[in-house]
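For reference, chains read A, B, C, D, E and F in written order, and residue numbers begin at 1 within each chain.
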Amino acid sequence: MPLTPEISASLDRASTATITTVLLKKGIRRAWMRGPMPLASAAGKRVVGPAFTLRFVPAREDLATPASWSSPISTRAAIEAMPEGVIAIADAMGVTSAGIFGDILCMRMVRRGVKALVTDGVVRDKAGVVATGLPTWCRGTAAPASVNGLTFVGWQEPIACGGVAVFPDDVIVADDDGAVLIPKDLVNFVAEEGEEHERYETWVVSEVERGVPLPGLYPPNDEAKARYEAWKKT
Amino acid sequence: MPLTPEISASLDRASTATITTVLLKKGIRRAWMRGPMPLASAAGKRVVGPAFTLRFVPAREDLATPASWSSPISTRAAIEAMPEGVIAIADAMGVTSAGIFGDILCMRMVRRGVKALVTDGVVRDKAGVVATGLPTWCRGTAAPASVNGLTFVGWQEPIACGGVAVFPDDVIVADDDGAVLIPKDLVNFVAEEGEEHERYETWVVSEVERGVPLPGLYPPNDEAKARYEAWKKT
Amino acid sequence: MPLTPEISASLDRASTATITTVLLKKGIRRAWMRGPMPLASAAGKRVVGPAFTLRFVPAREDLATPASWSSPISTRAAIEAMPEGVIAIADAMGVTSAGIFGDILCMRMVRRGVKALVTDGVVRDKAGVVATGLPTWCRGTAAPASVNGLTFVGWQEPIACGGVAVFPDDVIVADDDGAVLIPKDLVNFVAEEGEEHERYETWVVSEVERGVPLPGLYPPNDEAKARYEAWKKT
Amino acid sequence: MPLTPEISASLDRASTATITTVLLKKGIRRAWMRGPMPLASAAGKRVVGPAFTLRFVPAREDLATPASWSSPISTRAAIEAMPEGVIAIADAMGVTSAGIFGDILCMRMVRRGVKALVTDGVVRDKAGVVATGLPTWCRGTAAPASVNGLTFVGWQEPIACGGVAVFPDDVIVADDDGAVLIPKDLVNFVAEEGEEHERYETWVVSEVERGVPLPGLYPPNDEAKARYEAWKKT
Amino acid sequence: MPLTPEISASLDRASTATITTVLLKKGIRRAWMRGPMPLASAAGKRVVGPAFTLRFVPAREDLATPASWSSPISTRAAIEAMPEGVIAIADAMGVTSAGIFGDILCMRMVRRGVKALVTDGVVRDKAGVVATGLPTWCRGTAAPASVNGLTFVGWQEPIACGGVAVFPDDVIVADDDGAVLIPKDLVNFVAEEGEEHERYETWVVSEVERGVPLPGLYPPNDEAKARYEAWKKT
Amino acid sequence: MPLTPEISASLDRASTATITTVLLKKGIRRAWMRGPMPLASAAGKRVVGPAFTLRFVPAREDLATPASWSSPISTRAAIEAMPEGVIAIADAMGVTSAGIFGDILCMRMVRRGVKALVTDGVVRDKAGVVATGLPTWCRGTAAPASVNGLTFVGWQEPIACGGVAVFPDDVIVADDDGAVLIPKDLVNFVAEEGEEHERYETWVVSEVERGVPLPGLYPPNDEAKARYEAWKKT
């Protein structure tokens, strides 16, 4: 199911908080990733896009060397394979002592039209990465390059990111509360339910603002449901 | 022992750093909570108030559902039980992947005159929570709702928060260094000693500014004590 | 080998990211410290200087008391032993629930010409520490004093800091990506290679800006090497 | 719903592995507790019984003292309240540096007919505890008493144990794979499904022993289902 | 390079301790896996064999279900693809709350001639797994099935296991000290050096037994080297 | 204060559990070490002796090499400095992926009359270490040598071991519940109080055996105290 402009726009109106609540209705509890949080270049932003996965395993001294950067299986080659509009999402196994990308790779991703970078690891050269403008969700920053702790092994494979399983073409949404995954078969459902949920919460906020207590309002009893339905028609 | 306006004002002049030092004189080492740190709405602020405790246990799929929000034992009901001026303090068992409260519940707490929210867990909908103006000390932010990882089981019971035992009516003080607990029987002692300690450190700062070395000054030898006593009289 | 003004200036032009890459050429992977990150007073700054080490072990109730602050082996005495221009680096065993220093000790370090404070632990009285202007890299903030969790045992001994071995007279460099150690015998090598590496990355950035893909450029193939050499001569 | 002798006997024939698989059919994933593992006195045993909950919060130096052992809210009083046949289950918040019980308290539990002790914490005086014969599932052993790290606050309340929510009268089953919780409303379902599941796995084992590959057998395709049904009738 | 019977026999005479020391001479520090330790069925044994890799990502409720066990990408299918003599090695991301295999799958592996199972996760139905006789190195035991926490995604891919990168056809050796990886290009080197190293340590042991102090002996000075060479000729 | 044969014998009659309870009367809560647990060669044993401290910092690739084993500051040299009867206690910073000692060094320690080895790290060549008969308390086993993760820096300095501060000449006691430290100034106090405490618990056990409930008995009320005093006279 392609991520149509309409669905994408609809998802863009739903916060990650809302999306996790909607997914819970389908029994999905493991959608929010532990670790990815917005760097300065992502603060206050929301991004929506299909996942382009990257996979690392631990460094091995005979493999993870600067020389490996010219291997056909390298982060450089992976970046050249990224279509415009994707969100690059990297399984760094939660490693926080080696930055998976620095300013140069992020700059190239911007050039290729990549929408954002999400990882359960960290980046390096923080100031440079922020300066590229690539919205980045990560666990923080470290000075060492990826080869100091990680070996890159492939792209567009199933990965783990922050305790969540990510398959190519699943959809990623990220905002100030972090990054969530929407399984590709649930994208339509989430887009529809998400819009309604946001509308309902807008009404609840207006009620609380005028002093209504929460029990009976959120979640609504029958009386509150009726008032909400009336409000929706206005 | 009630938290009188005088004692409250006195505590308001003592930093959490000072309070932990004063408590150490009574052998209390476990007063500062691991985890709670100020969100943007709390940065630079200091709050003092009696603890109103909230308790969560882990989620169980048959219990921690959106339906549970209308149970008589719910966070909504607990909020309606909070008197004006309390500090709501929640035992989230340090769970960082489910936000205990979002903007709507925080907004209602503000309406009820709650002074602050302190938790060893996280909140959700960070921008919304900050916008309510409720000073919040927590471990960060996550998109999922509490039911994703937690089940609410009661209020005004003894709890753990960040490795510290909290009983209803103990006093909480929070500032940029985090949140500390004052056992209710030690509130007077801390208020008195805290003021004197702050006064002494003010004098030490002025001494260091004029180039006096620390040995003999902090802690003071007899000569420094005499100078301090003289300074106090000025 | 003394840290001459020339070498110091040269290192000052190399980021911590670059330094870790240069050290990797010598097989050194354990140079970046887990934990130390810039407080507000260090943000955007880079510092270079010889290490002056401080060592803590865990608190023991009979030893780690406010009384211990006047012992001849105390943090106060250690500060008076610090020469101008050093970077104080403290092994706090990664403890995050007791601040090793507050505003008064930091103020005294500033007076003595200490360039920066680096620790795998935390500081206390955050606002006060930032106000002293001492550039500080640490794991965050806690209200309790060091005696709450730590006992100071000596200075200018070999220490661990954030998983890295530090010997007196090794060199420390810290910036927005954290803090790295340069073994004293490799200082010259790092200074020279670091400058060249920064120059090369500057050229790569300009290439990426004009749309050149990374494979063949970073790391460079022969054609790219030739273009780089030509650029260097301009 | 009481735990009748028939249901109890039925559960006694199901391993904890089987029970977690059966619970998953009801969407329950959080039933197995992280931490509790059999001490020598429990090795090779299986126990089934209703949960009798115990709750600890962190130690506070003014509360968690040997004197607290004579308080009306004490582990001693809790033990005297335990009916015969229960499984005592203690929320020790995963603390591994203070043993919640030693030989004397375990000996008294044996006297009162308590079936087993389960905790996400540790016990002390390991040799003595084992000698009492009380089957014990815990995280290991520590020398210090509970007051060194914990304060006892009550019994028969909802608790957390090893990441699982436990309510009084839920049922606990423990064996060599650890301890699982059965929500009280699902006890009948688990007893019935568990027996069938064990029967089916017995048949699968016999098939594998005679060389049948797993695909199509486990889980079974239609042909395998038919063979299983035929086997059941023999 | 195939693992010939000669090389295999030679490796079989080298402990994992010796192998890590030999690999260090090639600069390989990341060869020993954190987590895998012998279950009862592996105690006192040493196994050597080529790695057959298995890869899991986290569970997602829509994917990790008992139904997934009949998918073409399943642990069952992977087992049927294992050649005789391999060591199955599974990347379970260190997850300790879901057992990757139980007795039935282990029994089938034994039937297929698999030499051993190594994982950084855990197994379930411990008694049953031990009874199959399959030598197993793992992090322990848990009752829940893999689908409770993990989704199986493939075999014979590069994986991480306990912080070590494993590629198909690397060689695994496991004994009482755990499991180590030998990169396939270093197998000959390790086999040769390992035998010499074991011989040397045998001699050192005999020297220590007759009271020779370690300095000068281990590592040897020239005099000790001469004595060792003499001993070797006897 | 020397550890006289009388005091040593007296401590030998007190379990580590008892010693932590006695130390708590002096306000010492940090005496039991996290990590050290008996290997097979120590199971069921109790050892008492003065601490001989060993200190490691993290490995640095230019320092922690097999060559370092012949440096004057080496574990070999430290062992030759150990007097008969000490307990060697090593600060390995809790590192579990590099064994501080193997069979050869342990064998030499046995030769020199060292009573036991205690560490918050691990040993290597487990079977060999157990075979030397040296009673060893540690966190487990790993194949790699210390140089894989650690650099040895000195002996008879203050150290941390498992969260406890240890100074040379403090006394160590270890048994099945782990290892505890007795500050050297409290050795007499602990020896005396420990004997009395053990005597009292013996009487409590006899009371519980005859069915006396715990409240009023443990801790004793006046009536129980009188009965205990009477029993002591028999």
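The working rule: a contact is a pair of C-beta atoms (placed from the backbone, for glycine too) under 8 Å apart; a residue touches a chain by one contact, two chains touch by 3 or more.
Just so you know, these numbers come straight off a predicted model, no measurement behind them.
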Practice item. Could you tell me which chains are in contact with subunit C and with subunit F alike? Key: none
Review point. Which chain lies the greatest distance away from subunit F when centres are computed from Cα atoms alone?
Key: A
Check your understanding: How would the subunit A/subunit C interface be labelled, same or different, where same requires over half of its residue numbers to be shared?
Key -> different
Review point. In terms of residue-numbered contact pairs, which of A-B, C-F or E-F coincides with B-D for over half of them?
Key: C-F
Review point. For subunit A superposed on subunit B via Cα atoms, how large is the rotation, as a multiple of 5°?
Key: 120
Practice item. Could you tell me the distance, in whole angstrom, between the mean C-alpha positions of subunit D and subunit F? Key: 32
Revision key, fill the gap. Taking each chain's mean CA coordinate, subunit B and subunit E are separated, in whole Å, by 49
Practice item. Using mean C-alpha positions as chain centres, tell me how far subunit B is from subunit F in Å, no decimals. Key: 38
**Study point:** Residues within subunit F bordering two or more other chains
**Key:** 27, 29, 31, 59, 163
Check your understanding: Okay, what are all the chain pairs that touch?
Key -> A-B, A-C, A-E, B-C, B-D, C-F, D-E, D-F, E-F
Review point. Contact residues on subunit E for subunit A in the complex?
Key: 26-31, 57-64, 93, 151, 153-154, 157-160, 163-166, 183, 185-186
Review point. Contact residues on subunit E for subunit D in the complex?
Key: 59, 65-67, 69-70, 74, 76-77, 79-80, 96-97, 99, 102-105, 107-108, 111, 124-127, 140-145, 147-149
**Study point:** Residue ranges of subunit D in contact with subunit E within the complex
**Key:** 15-17, 19-21, 24-25, 29, 31-32, 34, 37, 44, 163, 176-178, 180, 201, 204-205, 208-209, 211, 213-216, 218-219, 221
